[in-house]
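By letter and in written order, the chains are A, B, C, D, E and F; residue numbering begins at 1 in each of them.
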Amino acid sequence: MRSDGRQTDQMRPVTIVPDYLKTAEGSVLIEFGNTRVLCAATVEDSVPPFKKNSGEGWVTAEYSMLPRATVTRTPREVSKGRQSGRTLEIQRLIGRSLRAIVDLRKLGERSIIVDCDVLQADGGTRTASITGAMIALGMVANRLLEARMTPAGVLLDSVAAISVGIVDGEPMLDLCYTEDSRADVDMNVVLTGAGRYVELQSTAEQNAFDDQQLQAMIALARKGIGELGTLQRNYFKL
Amino acid sequence: MRSDGRQTDQMRPVTIVPDYLKTAEGSVLIEFGNTRVLCAATVEDSVPPFKKNSGEGWVTAEYSMLPRATVTRTPREVSKGRQSGRTLEIQRLIGRSLRAIVDLRKLGERSIIVDCDVLQADGGTRTASITGAMIALGMVANRLLEARMTPAGVLLDSVAAISVGIVDGEPMLDLCYTEDSRADVDMNVVLTGAGRYVELQSTAEQNAFDDQQLQAMIALARKGIGELGTLQRNYFKL
Amino acid sequence: MRSDGRQTDQMRPVTIVPDYLKTAEGSVLIEFGNTRVLCAATVEDSVPPFKKNSGEGWVTAEYSMLPRATVTRTPREVSKGRQSGRTLEIQRLIGRSLRAIVDLRKLGERSIIVDCDVLQADGGTRTASITGAMIALGMVANRLLEARMTPAGVLLDSVAAISVGIVDGEPMLDLCYTEDSRADVDMNVVLTGAGRYVELQSTAEQNAFDDQQLQAMIALARKGIGELGTLQRNYFKL
Amino acid sequence: MRSDGRQTDQMRPVTIVPDYLKTAEGSVLIEFGNTRVLCAATVEDSVPPFKKNSGEGWVTAEYSMLPRATVTRTPREVSKGRQSGRTLEIQRLIGRSLRAIVDLRKLGERSIIVDCDVLQADGGTRTASITGAMIALGMVANRLLEARMTPAGVLLDSVAAISVGIVDGEPMLDLCYTEDSRADVDMNVVLTGAGRYVELQSTAEQNAFDDQQLQAMIALARKGIGELGTLQRNYFKL
Amino acid sequence: MRSDGRQTDQMRPVTIVPDYLKTAEGSVLIEFGNTRVLCAATVEDSVPPFKKNSGEGWVTAEYSMLPRATVTRTPREVSKGRQSGRTLEIQRLIGRSLRAIVDLRKLGERSIIVDCDVLQADGGTRTASITGAMIALGMVANRLLEARMTPAGVLLDSVAAISVGIVDGEPMLDLCYTEDSRADVDMNVVLTGAGRYVELQSTAEQNAFDDQQLQAMIALARKGIGELGTLQRNYFKL
Amino acid sequence: MRSDGRQTDQMRPVTIVPDYLKTAEGSVLIEFGNTRVLCAATVEDSVPPFKKNSGEGWVTAEYSMLPRATVTRTPREVSKGRQSGRTLEIQRLIGRSLRAIVDLRKLGERSIIVDCDVLQADGGTRTASITGAMIALGMVANRLLEARMTPAGVLLDSVAAISVGIVDGEPMLDLCYTEDSRADVDMNVVLTGAGRYVELQSTAEQNAFDDQQLQAMIALARKGIGELGTLQRNYFKL
């Protein structure tokens, strides 16, 4: 039925390579089907100016796509001298999602930056980034605790994300690029491990939608994020 | 109960000054309480490169705040050489919302740009911008039709937006700045005149939320947007 | 005789709305005919690096036009990443004019920034800005004195400005846009309340001019600035 | 009396090296005392967009200072990514001054760009630039005529400029840097060869000035520009 | 002897993953020890302005490091709005090296862009980039020939590169980061498959060097590049 | 034989004007034939952040070409908002070359910046810049010693540079622009006064080269740099 034979409520295969980088404090190469994102977490002993002397830390994210992540080459953002609105929107979303499950006071006055670099893009790069960034962050949080640099409880919960949409009138889970590009509605859902909403962003790309469609999409997202949470728990402890 | 004495399901007073500018094809000064936005629509006889020779037009928006729209002066974005992520996010949202109710084919190969400049900010600037931009756009669409530059039917519907949130555990309609800054959840809803969703953006600023809270916020938003639609219909015809 | 029926030595009607903004320390909406400028004064407890530890304060201004202040939409300067030469020239002029009548030592180590944002432009935006900025600055200076934050005497005098020019061989006062765009000579004069020169900028746009024309333009400017000074004195005290 | 022993109405020695560059269509190294500016004129067979298909040409100028033109090193403007307001103001002034004496229709659809690069600065760099740029432009105009690329009459007149000011209460001609930096008033005058005003820019740096002082400064400027015109006429013909 | 036990004339292990990306026309993941670079080749049917209507094509390269390629996080270049001098130098070198072995006339008016993105850095990123970019380019050239889009002979030869240096007085092949950072001399050599020089860049970081040391470094480089050429020939044909 | 009648191993005439600027601590106008570069050395009592509290100083260089240094006008780099890759490459080369012969510890925590501005370009601007910058630096070092601001021994040696190349199959010394633009190989050599290599950069612009050609180019460079060293020693002492 779908271009790759999936059921409408079926996720693409997810693969995870932990500690892909020798250079980073924590990293993961995560794949949702052909979407491949490298997430690397950095711990820095400083905080942004608005957190100076607050006793609290900060968690943020950066997002970028390599030029040939896409089937047609996308020029580097540095060539225009600035990040696009899309990039800024996505990295703000990743950062907010991660901060939702971190106790910044227990983190102490340090920053965790998670870089999400898309090596190959086939839809759902922002949700794969959030899901992978959570693993890199979780591994780093566990290591800070082992090294007795933070108390227990820095992680309040975990977080994961998936895209859903309405394609040809049908609600579908985990859209690939060809599905996404002809979807009537595109929705990204970010839930905590406990199943509470962190973010809900739904956009009518072609046709406005009604409450029934909203509920159907939410149900699909809950199913997918449940599966992602099970996978995530192999790589870090709360 | 609320800082300005409103009920939790009560909007702030909305005032509208149509054709505030002699220089623009259509303009409106809109106020939601102390939030004051100048929306001005421009018609240009050209389209962006990706619409060249498509037979279709384009609708877009730009958003900005004057430095003293805020209680503490905010430096101009030009002084950093680029727009912030927040600005880009908002103007992309306004543009998508307007395009959702325009038949770009009937518009023909021309662009409508709606500039939303915030003169004074007290929460809800993005939803006031969408609501005011709709009026400026509607006036311009009516004038294009009167001048026989477009066929009937450029406007498929109208669109309006409101913010809701959860403050001190209580769902509330149309947050002012002091409410917004301590809200647990902040949600912006954009609906068509027919009551279908164009955008739903909900962010847990402090605490993740559950399905019941989601439904309560949606109900408040539907009430507020209904009132805005009644007001809008004084200024243009579908 | 003139497009709007004025005499050659007649100003356009001037209207002033004091404290147009609830958010600013002092603000004014000033109109010279259809030219409408919002001037907002900000007091900051810091000075630029070159004034650090000098015991003196600083006064500066910023100037900008909204995109639809003009009959044809003008793209925002942020889209090019920098302010135009024209903008920089004007805001430097406003700043110098204001500093000419402030005792920076009595102001103490604080800054006053006056933002002049043109909502609608019909010629003379820089002179309306100086005249309006003086009122916003005067109101702020009076309030600093009332609050006993400064001693008396911060304001040494007042300042106001007007444009004059030679159109069709005829010296004229307070040019509107259509007059300005076909003027042979364009001149901006800034005088103190006592009638001394702060700035004199005269440019032959089409034809060089002689001493007699220079004197005629100066006489017109003195008349107009006299009238502006009378108006200004309603809003602040020296 | 003055730091270099000059009379108040005496210019610094002016030296001119024509065709200083082998690479340019016309160039001059001009010195007003220790101020040393290299002016180079370029002819290009294209015009800016606003002159396309107008049948008219364009004349413009660019101005810059080498980092060690000044006694304290001034960082290059490229290091900040943009030209300062001062630079933009000066190059706009030079361009306007040159255009005042060129018949753009006779020039035909081509551009002349005059680059004014200050090798050493000791006050009066903008007036030395205008005076030197006129010579480079004049040489180029003469060569275009000799090569029969333009008809006669491209040059309507010549133009030259000088600074005057009030220092210690005394009107003075051709201020050097130490005089300029403590002047009460700084004034730049640009006159045609026929003695008509092209630009008059007078700024009260310290104290506002009166009509009598204005007349005294104008008289000094007329004397100095007369001497410069005599020198200029050795290098090109009208 | 060396930190990783290698002989002074011994290369690190080299591994190559061809067609690492499904999205690109040709790509390779290449590793020199812990240095890991993703090289992706793009074919575009256009050429830069200076090659328009020349009948010739163009080959160019871009280079970048991910933020966590390094042990300490390196901020993204887009955050400063421009590429560093080091980045520009390296990508110019890669581009020149590739052009040295391509017949641009036979390529026809199309461009090949090779993106070299460093995922993990441990010295020698520029030489690994050149060696990997050659493979991606070679694969693409072979595919253009198979698709009969170009005639035979686009590739004139192959090219490969290695770093050598003098560390503790000893000439060494293929420096890792810790060796490179304390080397007296750092040298990058680019040779064709036929063993001729394309580039030779030698820099005395600490101590100037003499002719004997120059010859010793060249001999080491020839050995290493010979081994790289043998590996490269598995992935494309000349 | 060569376009200007020189032998293949013959330099162009070199002229040197010491202390060309009254404003700089040390400066020189140097000419290699028609290539004319103004080199100005600045001493600043601060060091870059990475040298703070190191007890060591820093030496750096900046390079730029005036727009009409070239036969066709080159737009200013500030107009693009950034320096080109070529400019950055050259100024990094000049800086490294100068640092190779300075004892940064004896210099103390101060910086020397040498600005190299090309007034006229005819090939070899980077090597003329290095050779002239050495003289300006040497003069400044001698003056710091005379003023007892540094101990003896800041200068460890001198440094000079020349370009060589292979033109029409023939190795040639000191290429002018027309030779350089059709050279098969272009090589820049930087040697200390003692004849040791500081930099060796050789690029096959058209044809890869072999060892014999490399040796022939090196021999020519040694001859030329020997002559430059003799000239340099007239202007400063080691």
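Quick note on the criterion: a contact is a pair of C-beta atoms (placed from the backbone, for glycine too) under 8 Å apart; a residue touches a chain by one contact, two chains touch by 3 or more.
Every value quoted in this text rests on a predicted model; they were computed, and no experiment measured them.
Which chains contact both chain A and chain D?
Touches both chain A and chain D: nothing.
Is it true that over half of the residue numbers where chain D touches chain F are used by both copies, so same, or is it different?
Copies use mostly the same positions to touch.
What chain lies farthest away from chain C once each centre is taken as the mean of the Cα atoms?
Of all chains, E has its centre farthest from that of chain C.
Roughly how many whole angstrom separate the Cα centroids of chain B and chain E?
Here the centre of chain E sits 51 Å away from the centre of chain B.
Just give me the whole-number Å value for how far the CA centre of chain A lies from that of chain B.
Computed from C-alpha means, the inter-chain centre distance equals 28 Å.
Mind pulling the residue numbers of chain A that touch at least two other chains?
81-83
Taking the contact definition as given, in what order do you meet the chains if you travel the ring from chain C through chain D?
If we begin at chain C and move toward chain D, the chains come in the order C, D, F, E, A, B.
For a test of understanding, state which residues of chain C touch chain B in their complex under the given definition.
21-24, 27, 34, 38, 40, 42, 44, 62, 64, 66-71, 73, 76-78, 81-83, 113, 115, 117, 119-121
Which residues of chain F touch chain E in the complex?
81-85, 88-89, 91-92, 96, 100, 191-192, 194, 196-204, 208-211, 214, 218
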